[in-house]
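What follows is a pair of complexes built around chain A, which joins chain B in one and chain C in the other.
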Partner chain A sequence: MQVALKIWRFDAEKGERALREYEIDAPEEATLLDCLDIVKDRLDGTLAYRKSCRMMICGSCGMRMDGAAVLACQVRMHDVAQAGHVPVISAMGNLPIVKDLVVDMAPFWGKIRAVTPWLEPGFSDPGEQEHVVSQPQMNAIHKESLCIMCGCCVSECNSMEADPDFLGPAALAKGMRFVGDARDQATVERLQAYSEPHGIWDCTRCYFCNERCPKGVDPRDAIAKLGAEAMKEGIDSDMGAKHAKWFVTSAKTTGWLRETELVPKTQGIVKSLKEVKFAMGLLRHGKVPPPFPPHVAEHVGEARALYDLVQHEGEDGYDGIVQLEHALGRLEHEDGHGEAAERGPYGEGSFPKPYLPGEESSDGGGSE
Partner chain B sequence: MRTVAYYKGCLASLSAKELDISTQALAPKVGLELIELEAVTCCGAGDIHEAEPDYYLHLNARILAYAEETGADTLMTVCNVCTLNLRQANHALQGDPALLERVNRNLTKVGVPAYSGGVEVMHFLWLVAAGEGYELLKGAAHRGLKGLKIAPFYGCQILRPSKLLGFEDPDRPSSLERIIEACGGEAIDYPAKIKCCGFPIIQAREETALAELIQPIEQAKEAGADAMVTPCPLCHLSLDAWQSKLKAQTGKDFQLPILHLSQLVGVAAGLADSELKFKRHVVSVAPVTDKLAV
Partner chain C sequence: METAAHDVVVVGAGCAGMRAAIEAVDAGADVGVVSKLHPTRSHSGAAEGGINAALGNAADDSPETHAFDTVKGSDYLGDQDAIEILANEAPGDIYQLEHWGCVFSRDEEGRLAQRPFGAAGSPRTVFSADITGHVLIHVLYEQLMKRQASGPLTVYEELFGWQLVEEDGRCVGVIAWDLVKGGLRLVTGSSIVLATGGMGRIYRATTNAYACNGDGMAMALRAGLPLKDMEFMQFHPTTLYPSGVLITEGCRGEGGFLLNATGERFMAHYAPNAMELASRDVVSRSETTEIEAGRGVSGSVLLDLRHLGPERILTRLPGSRELAMTFAGVDPIFDPIPVRPGAHYHMGGVATGNWGETELPGLYAAGEVACVSVHGANRLGGNSLMETITFGRRAGRAAAKAALARAGPPSVSDAPLADAERELGALLGRKDGERPWKIRDELGSSMLENFGVFRYPERMERQLELIQGLRERYEHVVVEDKGEVFNTDLTQAIELGYMLDLAWVMVQAGLAREESRGAHSRPSDFPERDDERFLKHSVSRWRDGGPELSSEEVRMTKWQPEVRSY
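After this line comes the complex of A and B, so read on.
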């Protein structure tokens, strides 16, 4: 088949960028990585990109296709070529470009190192026996353990774009992999460290990381698990944690968010006093609902009673989020009708879907 | 008429009342009969999911149970964050009988009807961007938008994670564009339309949030937008109310009017001033109303 690609070339020494178009003849089963190999082999030996395993294990070939981070070895090009679409290939985002499609991973590795990505088992000697970890205990960190550190999640992280010091989805998911490990003895120290500025509470919940991860790690969910566990351990002095706690207080007192009190409860009285002028501007347009009389939901006593009940259920901290994954995991592997879908990693349903112009993909109906 | 249970969520009850008022006024024109849920609480907005995940699950199960009790098969939301939180809880309960049983045991203990898993959570956008709702919308929007240039802003949690939302391609969505054009407006395109507005961290990390917020506003202005439309009241609040902070920080006074989806369709469908409530916006909507001579 004939495959055409536009590739953003970049020469760091000269600082020059150029969008070049290439057209090749490739086998029908060719992936994007295969196509790049053919370009390099036959048309332009100076094209630079990373690769190694060619089977979604090594995490080397992360790059963007039509603006979305993918593993080049994951994306089959057949449908794209058939549609006559010429995809734009570029380097991943949020990392400095070295040459063409190669990014400097040093900032990425620095953040991975910053979360202490190794087990801290203490010095307990199991004697003649082993440290036994049960299957449910391992299940709690199954998803986080799947990370191949390709950087696709980091590429499109909206918080990191705005704050390059943000630890980011890959490093924090790695952190959860150890916080949730039954053998680790440094959980509290880890949670304290991850709760510092540029950590857990800097995630903007854009969910690009979950969307881009080729391995199903769902880093945003890992970050939520860290938040839940930190709060369970009483590590809750960050404004982000206080913000989250106010929603709980609101739900069990009035049912609805006590919106006007959210600012002082999050930021503290002193800092929120600086917001008075801003708040007055909002007040003129009814954007500051008066806290009195409170807006109370009907039968709010039920919500209060539920709060008391769940305190005894033992599903607190990250366990409370892990329990949701039993059902949600099926979304990855089954179609909406509960039957195992014939859905290989490269076929229909692989993500991101190649962009096929003119295809009506959005006439709706939901995922059910 | 399609009868749906209506969950308006916190903001439409409080600081974004204009969203609730315009939605209720517009609904019959697009074939929706709304049964408003009264005995429900906040969905937790992602915050209770993080602070007390099991409580989050129970609160959302309670909302779903009361929606099911109305006899409707659809729970309609008007907020991205409510949509994701409710759909996530719903999927977890529908797909895990043991979990559903445990939660139902607790619900019934406190007097809430048990939930059988028979409700689908749908955002208002999805109900009017496809099928019969879309056909009715085209007829209802008779007054048109006179070619106004409208920037669609989706917000995150109506697109991602797509395995939970799944209405449309999360990278190349087109529902808002289709609605803008059906209403007689011109949809403009810009890269940040699927990115984050920064709202979830706007109080805890304002600097980071503002660096996110400026992108869609600046890009939409550069692309010539007269106004922006969003299906999420949280996006609306940051895009509308925090524009003044962008001005203080960058010196740029964008003055970009931000419309709720129900207001955009509503103004094209000829809703009255008292139903649109544009005076509740911080950034003046005059550029829109002047052009349409509302």
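After this line comes the complex of A and C, so read on.
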């Protein structure tokens, strides 16, 4: 098939950028990485990009295609080429470019290092046995441990674009990998450290990281788990935590969000005094309801019952979010009513049922 | 030229390299790690199915049984003292990885789960779903970062190891090309540990990463060291068609079937007892026979997981499903996966003793680059990850101990550096000539054709001639990128040179081994194993511009060769 690509080249030695177009002939099954290889081999040996495993596990080939981060080895080009689309390939965002599609990963790894990315406590003696931990307990960090450190989430992170010091989705997901690990003994210290400025509460929840992660890590969900766990541990002095806490308090008392109280509850009385003039303006234009008397929602009992249930079940930390994820996973695949159950293993149109030599094959042909 | 000096320098940072570095730091050495990839990008991370240790969690097991299975699997070419070390020390090494935080799968009691694997007498393979290499490489990198934060450990990422430096009969360092900034660097050490991995890229159809070009083996060969058992390339029975990526043996361990075009479980004809879980050499040959007899499906056979059901596939084999869906458009819940044999693991390598020591004082090797030999003529699935950990640890320990016993970092004369600069200048300075990719592609295709699962004398002879032709063309290759920064055009040209040396060594050793043993199968002229003439290792050295072959005894402890059937 004919494939055309536009590639943002960057010459580090001259500091020049240029958008170049390449046209190649590639096999039908070619991925973006295969196409880059063909460009490099046959058209321009100076093209630079990272690659290694070409099977979505080493995390080398993160780059942008039409402005969104992808692993080059994961993207099949057939449909793109058939549609006559010429995608623009560029280096990942939020990281300095070294050359062409190669970025400097040092800032990325610096943030990973900042979350104490190893199991605590300390160097352990091999001992005679493994820790006994149930599979359901280990499942709490299943998604986070899938992370291949490709940087696609960081590339797309809006908070990091605004604040380059933000720890970011990959590092925080790595943090959750330890917070959720029953064998780790530093949970509280970790949650305190991750709750500092540039930590969990600086995420804007744009969900680009979830959307762009090629491995299903869902870093934003990991950040939510850290937030929930921090609040459960009483680590809630950050404005973000106070903000979230007020949502809960407001919901369980009146059943809806009391926005007027949100600012003082989040920022504190002194700080919010400075906003009084702005608030009065809003009030004058009917943009906020008057705070008194508080409006109580009709079915507030339901909100309160829900709150009590979560408390009662002890699911107010990351456990609850993990439980939700697993429930959603079951809905997709294992509820007994899915496509798999309907079709069965040897449903219509699928390959014949296996047989042993001497047995009849399922299509009546037998062994030849 | 920038230089750095350490007690121990580890070249390569996959599982073996990182394990060696961790051990050397813990032993008190100042360690430098030189790796052409960031450590977590190393190909150990692509290992899927698991790592073997006789923990006995799933069924009765013992290191002795593990050792025997390995000896038998090796077709009696493995060195039995080394195999016993592996089997005995594996459980302790696994517990240590678990204590470091490795995310292994668990059984009902919360202990480490173990699954059956090919040619193993007991379910012995510890795993993490089907991403075992991934969790290993990340736990090792976590431990590496921990030691970097507190100890004398420097990781030189994207520094491409090119040549070993020898001085007064010792290995004293490595000359490397700085991928990021350009320029040659010299990193010296009292001990050097090679852990650069395998060379599957010599073949067009391979599970191996682009990085696996036999760098360390070729560096050692050029430094005059012996390579052992180079004819033994393992073909993995289930590599995805067409991309060649690995579909784990764990699929068969979990109960998957292999089918031919009519849906017959053809393994019944070749290994009636073990069926799909016969050893890899046996299964790859059976598949090739089926395909060549016209019973395949577009050059493949089918791996059928449908009867396992969605839940087992989703919890135990999610990575394999993801690979099949992405690269073959097949969801294994509904349809069988097209698979065929592909080059996967090289049993041979730099000859080492049981502490990773080589013939050259100061030089150690561990992992796929090395040949201890625990795999002999055929490796069992799950044993290579274990080898990287156990022998990586042993090499790191020995290298640190030897380094700390010495007075300080070695001095190095200017001569090897000047030679390297000159060689590099000549390669980069060449303006006209052929670019390397066509030579690389022809090497890969012809090796698959002429030195693959089955080997025939006339094809091997032809392959030797072909390699000579490719080597002559390589003399005139031109590197198009003349820049300093991230010049992979240059490093790929150097890697091709490594592969051309190694291909010659492999085919020469294959021609000389006039028998069929393990992964080396000669159906037309020597279909049987010949213990009388060939129960011995092949040893290859570079002499006067080409490989020279000799042999070495196999180290036996408890087990005499028997007929091998599954």
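Throughout what follows, the second predicted complex is superposed on the first by the 317 of 368 C-alpha atoms of A that agree within 3 Å, B and C clash if a C-alpha of one lies under 4 Å from a C-alpha of the other, contacts with A are read in each partner's own complex, and residues count from 1 in each chain.
By our rule, a residue touches a chain if its C-beta (ideal position, glycine included) is under 8 Å from a C-beta of that chain, and two chains touch if they have at least 3 such contacts.
Keep in mind that what you see is a predicted model, and the values were worked out from it rather than measured.
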| item | value |
| --- | --- |
| Contacts of A:N94 with chain B and chain C, given as first, second, both or neither | neither |
| Touched partner set for A:A162, first chain B, second chain C, both or neither | first |
| First (chain B), second (chain C), both or neither touched by A:R42 | second |
| Touching partner for A:T266 - first (chain B), second (chain C), both, neither | first |
| Which superposed partner A:P117 touches (first chain B, second chain C, both, neither) | second |
| Chain B versus chain C as contact partner of A:N210, first or second or both or neither | first |
| Touched partner set for A:A303, first chain B, second chain C, both or neither | first |
| Chain B versus chain C as contact partner of A:S60, first or second or both or neither | second |
| Set of chain A residues, in rising order, touched by both chain B and chain C | 351-353, 355, 361-363, 365, 367-368 |
| Chain C contact footprint on chain A (complex, rising order) | 11-13, 27, 29, 31, 40-42, 44-46, 48-60, 74, 76, 98-100, 102, 105, 109, 112-113, 117-119, 123-135, 137-138, 141, 145-149, 178, 181, 183-184, 329, 333-334, 338-340, 343, 345-347, 350-357, 361-363, 365, 367-368 |
| Chain B contact footprint on chain A (complex, rising order) | 66-68, 158-159, 161-163, 166, 201-208, 210-211, 218, 220, 224, 227-228, 231, 238-248, 250-251, 255-257, 259, 262-263, 266-267, 278, 281-282, 285-289, 295, 297-303, 305-307, 309-310, 313, 315-316, 319-321, 323-324, 326-328, 330-332, 351-353, 355, 361-368 |
| Complex interface listing, chain C residues touching chain A | 26, 37-38, 40-43, 45-46, 92-96, 98-101, 103-107, 109-113, 128, 131, 133-135, 138, 142-143, 145-146, 149, 180, 209-211, 242-243, 245-246, 257, 259, 262-266, 268-269, 295, 302, 304, 306-307, 309-311, 314, 319, 322-323, 326-327, 333-336, 435, 437, 479-481, 483-489 |
| Residue ranges of chain B touching chain A (in the complex, touch as defined) | 10-11, 13-15, 17, 38-42, 44-59, 62, 88-89, 91-96, 99, 102, 106-107, 109-112, 120, 122, 126, 129-131, 156-157, 160-175, 178, 191, 195-196, 198, 200-201, 203-205, 207-209, 211-212, 237, 241, 244-245, 279-282 |
